[in-house]
């Protein structure tokens, strides 16, 4: 499950002042294992300052093109791994990488006739770029209507690539930039050019509803992909729901700052009974620690990868007691109702909690 | 079975054109298994707008959601089957059945039943989980036209039309505007006393163009026609005759459609299975919808689109064209002499000529002497091909 | 079989008057197996003149050759069955199908096919030997009337009508001229909402004359009627009532027909199987053509002929008659009092009375309670006899 | 086949100055063999001046009436047999007669409803008279429209009989006389009488077409019978064909002068191989002789009767080589195309000719 492979960096490309994309060389014998879907991510492992840390970064490359695996990484303020990648890695370095994972994927098939709405903000572009390029390349009859939010012109990742796509697929691809703090000289430039309009402000409900009104779906099988910070996801999703977009057509992936749920009182020193690989583990959960981290600190080896509530590798079933997930971007409401939880995000709400890794 | 029933129209028996049984089969196995023309995208322009259409045996309504996406549902209350929505209108957030006020949201979910507790104690829990939501259908857009399919999980409209698409005209239909004498009425609508397949076969018959329409469609160069089959669909193209081509800009009845490059001007006249033709010309674009009413009655609705120009510009072209010397030789002379008002064959109107031919052919089908004499191997190839597609389609679904 | 279907109208089940199946059978086994009325000889007067008529399932055209002999052909191109000739007209040396211009000579021989070599390589040798000549039908003349038979080798028209001929009036029909308000339209034409057999049975019903028409046909002496059957046909004669007979020369509405000797004046009202009656009176001669349109719809066309006299003479007789005291007691009083404009039973018009009776009878056939109560053994004998002929005819051809 | 019976003359009637009709007594035992159809002829044989000669004369009697067989014979200028019959025969004489033959017949049946057009000229009246009387008597519903051509009033054969028929069947029988050289006094007489009009001139195209226009068929099953000299037949037939009368409705019988075809060069001394009654005969054809006469002069017994190209008794099939028929009034174009020939009219066109009597 959590096996890491050593892959060599073949390319490192500065995308903006504070972001980089990293391409890996994939040996032929790993082709099958590293087969991926547009929208999935790679989990990388570093040992920084003696501590093993894992992070997941979405692939911005497309699985249907002859190109190396590539992830996009934007510096997070004080972010251990993102700064390491941006500042210290160089071509030729070897990185430990897990096989691609993630449920934020589109079912892209040549015969499809769909309209894809892509909403992304900041580094949320990475999986969206992968989906975008794959759709345009693989589904010659589908349409893509996309908004990309950034703070200003200079923080737009993959700018050249996006412009090329706009030119190449002008009849099926609409891209509107949304800039929260646009630099005026550049905006003046844009205003004079019909091809490069942008919306001012953050991606919010009004932006979304106007955008869809202006670019209604042509192919009626429409799907909505959202990737960005939690608030952007929340806003976009609510806007779509207000417009009666059915929930099953909306797909989200959280990037950047997490949306915390309402503060929950964790049960201090609750008892955790965990069934893992046939072993029954009983242990107290220290305050503030997640069920996953509690087990890891006991030397156990529970499955996990992103530790961000996104990937669902650490999924478990709650048999007794209740837990609160600080963040859940992976499980559906129904899965939660059925008792599933992400152990990397879960803190106990009851005196005793019993979980099973299935 | 009498002798007559064994008489064949190329691939199909004559009774396929005269009997209710055959029409019933076609309704079940063709019209309920294909994407059916439902109008133009602009018919359902704004969120909340709906239209209801009959697609084979199914009455289906299409409604635009606030997300600007179309939904299609079978237009029938799950309670006792009453029709929910009339032809055209604007829906609020919910749809109520006029009979007992059962109410559904725009996603087709049942949201309210009057006197639910007293009258329907068996319906427990959330209403929309009681299995009484509206039956979903499929809706999609192709070439600016709305199509519906009675199945919720219909095969993609592009699976259906994809193969023929490359053979269609380069016209950008979405840029054109509808032209009609009366609002909300098709440009042309007429009930024809013939089986629907007779009408289709007339449409795809290349052999008759130079004869039945010798005085009306002679501005197209029949000798240079190209045609073929793509999936279940027929495609057809012919260029303008040189006389017309060289001055088409002045002679065309309406302003030339600017999305068609000069070297591609001509008539693109595909037939999309089973019952919608489009006629994509130099200055107009038409949908030709063939709706079976009875074994021997068929409604034809033609809607027409032209360039989106000012009325002045439109009138100027029309005047210029009507005085153009070309039309003294082409385009509007009856085949026979007679009163153009009462005699279709003297009308100089190619639709009147076609209607006449179809109705006369239908009449003969009842004659005990009727037989097809011979088939033009090129000019009528499409007819027997169309009939085999009909046969295939029925065979395919009959045993499912 | 439902209960209702077992209810009998004398010899035939009720469904024979209401179902499409029965009409289909009659079309096949009666109307396509008998000589069918097609008009008057003068309708096809000159070489090249033609008319086309529907005779049961068959549309047939009659054309006069330059040898002044009539030919009849099924009016249907051998290519795809399109009707060749319209209602009435003048043919040149050849007949072309409007659809694809296949061309036949006046003997029905195929003489030209456009693009024959490219499109029909299988048709080798002389065209008229390719088995695609027009289907011949038969045409002949009886009593100045044209009749057609769908079979080329039909039994002689005299085999069919011969037996009844001696019972017809002595009128020389060829010497009379047609009288009509409007050119090219029958004197009377009306669609009746009843099965065609109801109309025939009304025509041959002697029993109703003194009752339904007590105020309208009372100038004929019903008590002295003679009638009988000859072959499949019915004949009927009644003299004038003495009051009328003694001054018929002045009282008759039109000039007396001079080919009828004085001692033979009266009303000869035969019914020629299956669907043409003639009414040969003292001053007019009429054909009464009954054309089934649907199980419950029938067209009646009456054409009328009178003496070939000057208009002045005609008008003088008409005036003399209309002022004659006889007509204050006879011929035009409604059975009931009421508005003659709106109430057929108060109209004083015997056709309106008959139409009313037929339509009311048809309506009742659909009632679950419907039953024939009793049959007048003399006055209604013709009705059950007619029904047995219908039955015989169907039996005879059904198994062939 | 060519068996002759001796019949006694019971009546000899002068029909005009130069014609006679001859009635024969038919013994009861020959009733069946001499059963005939209206329009057929008898072949009579005489030995005149030591030579055996045969001639065919049409029956003018009607098979459906109780009356003797009767033929009409008009003198032909220099005609050996016709003069003999007119001048030398008397009641009580015995004549050698073959059974009735001929294809110029009408299918006369009681139920028929037809219009018969009869065209005759001169002695061509004889078979026509037979058909006329038979139709009027046997087909009470049929109509007859007839033209009879003669040079003048006095050369009209069977005049009384025709007048009687006109009176008796006035409603179904129209007769128009056509006189090429009418005698004026008589014509004056006629002009005053509506009942006896006549047309002036020979029977030609205009006459025929006007006649039919004036007397169109009532019963639509019309048939056209023509009997007279070759030119009269030709003219009448052409007139009918010009009016689109279908060929299969026209029946002809030639009387008097023959229409010769284009002169053909016969092959001198051609070899004839004839298969006759199981025998294979090989013989040279002398110049000017027909195949029939060649065989007869060799003592063979080929079938024949009229020797005028009318009766078709002498029909044979040409297996090899080509022949020319001087006259053919019996075989249809299709029979000729199929290789049949009248041996009494055939001369060889090729060095060798092989024929079969079937």
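Some notes on this structure:
Think of it as A, B, C and D in the order they're written, each chain with its own count starting at 1.
Here is the rule we go by: a residue touches a chain if its C-beta (ideal position, glycine included) is under 8 Å from a C-beta of that chain, and two chains touch if they have at least 3 such contacts.
The model shown is predicted, which means the values in this text are computed figures rather than measured ones.
Any chain touching chain A that also touches chain C appears here: B.
On superposing C-alpha atoms, the copy chain B sits rotated by 125° relative to chain C, to the nearest 5. Spacing of chain B relative to chain C, judged by their CA centroids, is 43 angstrom. Annotation: 71 Å between the Cα-based centres of chain B and chain D. Across the assembly, chain A contributes no residue that touches 2 or more other chains. Residue positions of chain C touching 2 or more other chains: there are none. The touch graph of these protein chains is an open line. Within the complex formed with chain B, the chain A residues making contact are 111-113, 141, 212-213, 216-222, 240, 242-246. Residues of chain B that touch chain A in their complex: 65-70, 106-107, 139-141, 156-159, 162.
Contact residues of chain B toward chain C in the complex are 2, 207-208, 210-212, 214, 335-336, 343, 345, 353, 356-357, 360-361, 363-380.
Taken in their complex, chain C has these residues touching chain B: 27-28, 32, 57-59, 74-83, 86, 98-101, 113-115, 118-123, 130, 132, 135, 150.
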